[in-house]
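Okay, got some structures for you below.
Two complexes are shown next, each including chain A; its partner changes from chain B in the first to chain C in the second.
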Partner chain A sequence: MNNFFPTIVTRSNSSQLMNILVPIIAVFLTLITGSIIFSIMGFNPFFALHTFFISPISTSYGISELLVKATPLALIAIGLAFCFKNNIYNIGAEGQLTMGAIFGGGIGIYFYDTNGFWLLPLMILGGAIGGALWGMIPALLKTKFNTNEILTSLMLVYVALLILDYLVVGPWKDPQGYSFPKTRQFSESGRMPLLFSGLRVHLGLIITLLLIFISWFIFSKTIFGFQLKVSGFSPLAARYAGFNQNTLVYLAFGICGAFAGIAGLSEVSGPIGLLYRDISPNYGFTAIIVTFLGRLHPVGIIFASLVIALTYLGAEDAQLFMQIPAAVGFVFQGLILFYLLGADILVNYKVVFKK
Partner chain B sequence: MNIDLIIGIVQIILIATTPLVFAGIGELVTEKSGVLNLGVEGMMLVGAVTAFVTLVVTNSYILAFIFSIISGILMSSLFAFLVLVLMSNQVATGLALTIFGIGLSSMIGKNYIGTPIDGLTPWYFVILSFLIVFFVSYFFYKTKSGLILRAVGESHNSAHALGYSVLKIRLLAIIFGGSMCALAGSYMSICYAPMWQEGMTAGRGWIALALVVFATWKPGRILIGAYIFGGVTILQMNLQAFGLRLPAQFFNMAPYIATMLVLVIISSNKLRIKLSAPASLTLPFYKGR
Partner chain C sequence: MNKHFVEFNKVTKEFPRVIANDDVSFSIKKSSVHALLGENGAGKSTLVKVLYGLLAPDSGSISFNGNILNISSPSEARATGIGMVFQHFSLFESLTVRDNLILGIDKNISYNDLKNQLQDISSKYNLPLDLDAPITSLSAGEKQRVEIVRILLQDPQLLIMDEPTSVLTPQEVKNLFVTLNALVDEGRTILYITHKLEEVITLCDEVTIMRSGKVIDSCSTENQTAKSLATKMLGEKLEELKTDYSHIKNTKSLSAKNISCSFNDPFFTDLKDISFEVNVGEIYGIAGVAGNGQSELMDILVGENTLIDSGELIFNNINIESFNPQKRRDLSIAFVPENRLGHSAVPELTLSENILLSQFPKNKFSKNGILNHNFIDNHAKKVIDTFNVVTPGSDAKASSLSGGNLQKFVIGREISSKPKLLIISHPTWGIDAGAEHAIRESLIELSQNGTSIIVLSQDLDELIEITHRISVIFEGKLSEPFNTKDVDITKLGLLMGGKNE
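Coming up: the complex of A and B.
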């Protein structure tokens, strides 16, 4: 009886191979589960998976849309990597994104009839400052009052969304907008320039790649990156080495908030062009999955952001062509994370069948 | 202020606070066994939609609650499998459960938004919530099983050495938490609202998690905390009705800001948190060490 069950044995070293394989396994298992779910719903699973994962990116427009969705996801995810590396659970990136959009977008609305090369950089700066300030609140509460950052950063998401709601129905409402809860359009120079004419992919993609490269440099070549890693692996060792944990918390939250804020600004000054209520389809929460799926590694995060962006596009197509609610995208995202976390056991343990 | 108005306010506070009590006490039991489940919001939403759809389809309140609780058991068992058997990171797994639950609930409920139903009277559930808190308190401090559960949460290695099955006890605690969250959700969609709306729990799952910290992991204090939150929420609505002139969005922020303030006040005493939190909270248990 006992021989039937496999036993789990600790590996002496965590497996590097499995570290890379596990995310791929997770995506693969999600596809299998997805096809089972689609069969139960009465669709041909191959047709459904094709609609969901292949046809959205079979045109150049589709690829551009994939990049438009992946841009904010990758940017927020690399910011979250700063936090997660140090075991700081910032799950309020959605709020930091919203605050960035408010600060940067506010500048855009103030200069709605002004043009100038300086406007977009100013808005990006505003977005970064807004996001960073919002991220600093949970950092301050954590370091000064020992308050759990998971709960405070999440509560601030609701507060930020309500502030945005207040602004777009109240003081910032477009005077010519009838009663729609939206602001004025930003001026032409307040918009992210498009990279290719006719496609929506915009300068935000370049900014994201640049910031990912800088993050890679920080992670692998600087003392700060090393400190983050050490205090994530072993807080005691970090304390013994004299790293100031509070400074790390502020920096991680500040950088993550700034990145999320830039992501929010690049959404409103990119595809959207003004402020309204639903500026983000949960990018801030979904980016958490991207970070884990990408193994907190810059290259991994780029790939993961493309995979997760595809679930957004696929869900839109599935709603259009198969009348499946777009929320199925979130179900897939949840499943990917479940499989990833479950399969993670293969990294540090191995499964042995006893004779 | 006449007496009718006060009675009215008290009634509304009782009705509005009950889901927080259910979800809070469920999460408290889970955390007491040493497991942090951040999936409360997701389990509440799935519980809410399951109850609602079952009620619309079968027209039976009893079946609605039974299926809802089954959904909570299934969701929390999924979580339990991952964190107990596969020893995954509890924080990340709980987040996954919430994201999954948000998606699943809006997928199931898509065609039921705005469907009218006859709401059920909330009073049985208000009484039930008090009874459950009393029962959990009695269980923890007056029964041997309760002592074992607390021991597992404090030091799973010692409990294991004494011959108790750590994983079985944690599984039961997680499932209790899941069914309480589903009950909270079904109460919201069938008694409180009564309707289905995407994301209708509006952060109550997270407030329930904060309640456990506020209560410093003691069951009786869940009631006190929940009623402070409920009171703040309802009072801001009343101030709004009495014409205190501020935009509605600022009033709606009150529960979230109150949650943060309360957390700050409770947590600023590091020693108190350290002494009250179950010592094995979020630590995975691995037998073969």
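Coming up: the complex of A and C.
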């Protein structure tokens, strides 16, 4: 009867090679679509793509900026991999980032006139704890009341943002700040040390690489990593194996929250140096794309974070040199995710037209 | 009357790596019950899917009622006069019988017409149905009746029945046979797919035996015995297994005492006061038709469900009812649940990784939470070698193995720990005769070396072949055990159908 409509059938063996190539194909298709969009807007597509993707990283300052943007993305993304591997859809990393910035930043504000080697580690720890605690809330709701973590983690993003809002206009407002909604500057030892003088890339990059390496080790070499994987693929098999799935939910949310919290703290103690309203250009949400573009794999996530960071930089340059809104960066991020999911479907399924 | 109603002419269907139907030719006479006999994987299902329009043959043709069949979908098959009742019911569980009947037929039909036709069909073919009953409340036999009626409403000339008795009690089977005979008396033809030999002899007029995609023989069932059919079906003589009680010790391995568990869920069967004891070296069988509490009991025995209302589970004088599966494994208890894919094995993971799902204290697969991949790999290879698992290697994904091979791997994984107690559900469900034989033999050997085994199975033949004692579970209640050696099959059949006389 419904012979006009194609049906979608599972492929008996999906190509392993294609699985690896999908992110590259997605990026390629995004570039083609992007150039079509630029042409429609009346720009020479080659000039536009060059402005967007090449010129931002043609200087050492540009490369440094790329790393500054990629650092929080990669760190949050690797944290999200802990959740996604376990089929836990934590999309509230932005909130966990914010809470990490509040906890760690709060310590920085409290010790604003104190210097000491211990201050930055303490702030990082505070950031990790703040993010982890915020991540534990949806974990608790999920394990105790079987709530959907997608909803709860997302809603908690807005709660965290409002708490930050309240703090920077209320109790934590800079007394000498002419009523601007921002806090005091952190003291010098509460700032992330710069890696190269004159460039903004900071210690957060090293911390991120270290945590990515540790995550790789956990995923591939430990029982815990195996448990996350099994529990994600088949909860029933995890139950049969005797893994405690509630513990896995807490751990995945806790680790992801801690990583996002450290990312938030390293933003405020790195490039920013104080707390104010807009500490993150949606890093916590964009990192979701990074995680999937990187195939939940540590190495993939490193590359994906660079690609997505470039869309941020490109958007800024496009605004500057082509007078188009920076939101075009989000268009590119959306396109990448769209093509990624689409290509994924075609790798694992085939479309069959009936005669 | 005896003209060739359906004729398969050199039908060939090839899949990647396997020829499912190889030059299949035979014919079916009008108004007869024709059996299609063969073990799992012999090519019966593929052939029937070709006949029913679900698959197109690579070459060859089928003639139906004198014409070459040219259909490309089941709805066309039904329009031509071919109906099929599948082994797995395709009914909407939450809807009523009436809704399912109306949804299931291709033509539009008014409620009154339906009612009249139904009364007709019900009385003529011994198929009573309550139109307003929701499907969930029906037994397997009643659900099958709905399926049959749904097909009969479209007045098919050829009815394909795929393993129809696999979920029925012996009494329900009798009723089904009455229905099928009535259909044949009326001039309809039935293609009856089965692997049960007795059914072929009692019900069918002719039989076509398939093995590895080829037709081995097509003949009248007269002068055939279960034994002669089995030889044709399996192709080699399997040695007979004998029950041996001599090695069983008089010490308890596991005792279940008065276990009750209610679920408050229509999809679960409450367990009522279940008690049994297994001795060291004994194979204890739990028979029953699916859905009578086996999976619920299995969850409790494995430790996947530790929330029982009351009762005790005692293993070697230790109360284990609150232990999770890992804690039970630490006491040397091994488990094989019914479903391979996604329960006892993860299809997306490699065989080596699947080894890790059940860790026994002596395995040493990890130290301080860090995996020893060499150790795990070697163990996987050992299991593959010892249990003749056909696979390219330990890094093959579990999903790439056939059902029988994966089951051998899973059972091998559990047996290789030399457990004191093995709890296994449907050990040979859905696998070929060769693997079935190997698995049953290894279970018997294991028990002779002192392992106690609990087998939950719907397959009565299997239980009689390997167990020492059998009890029957029906609606969450467990019967008293019988010695398998002198058990009365009729008695078991009645217990499985809920009659305790």
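To be clear about the criterion, the second predicted complex is superposed on the first by the 332 of 355 C-alpha atoms of A that agree within 3 Å, B and C clash if a C-alpha of one lies under 4 Å from a C-alpha of the other, contacts with A are read in each partner's own complex, and residues count from 1 in each chain.
As a convention for this text, a residue touches a chain if its C-beta (ideal position, glycine included) is under 8 Å from a C-beta of that chain, and two chains touch if they have at least 3 such contacts.
Nothing here was measured: the structure is a model prediction, and the numbers come from that model.
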Clash or fit (per the criteria above) of chain B with chain C on chain A: fit
First (chain B), second (chain C), both or neither touched by A:V351: neither
Which superposed partner A:A237 touches (first chain B, second chain C, both, neither): second
Vertex chain A angle, Cα centres of chain C and chain B, expressed to the nearest 10 degrees: 70
Touched partner set for A:M41, first chain B, second chain C, both or neither: neither
Chain B versus chain C as contact partner of A:L320, first or second or both or neither: neither
First (chain B), second (chain C), both or neither touched by A:T152: first
Comparing the two partners chain B and chain C, which touches a greater set of residues in chain A: B
First (chain B), second (chain C), both or neither touched by A:L141: first
Which of chain B and chain C A:I223 touches, first, second, both or neither: second
Superposed arrangement (fit on chain A Cα atoms) - minimum chain B/chain C Cα distance in Å: 5
Chain B/chain C common contact set on chain A: none
Chain A partner contacts - residues on chain C that touch it in the complex: 16, 72, 75, 302-304, 324-329, 335, 337, 339, 342-349, 353, 356-359, 366, 369-371, 373
Of all residues in chain A, those that touch chain C in their complex: 1, 12, 221-224, 226, 229-230, 233-234, 236-237, 239-244, 354-355
Contact set on chain B toward chain A in their complex: 38, 78, 81-82, 86-89, 91-93, 95-97, 99-104, 106-107, 110, 198, 202-203, 206, 209-210, 213, 247, 249-250, 252-253, 256-257, 259-260, 263-264, 267-268, 270, 273, 286, 288-289
Chain B-facing residues of chain A, complex: 7-10, 89, 91, 141, 144-148, 150-152, 154-156, 158-159, 162-163, 165-166, 170, 285-286, 288-289, 292, 324-325, 327-335, 337-338, 341-342, 344-345, 349
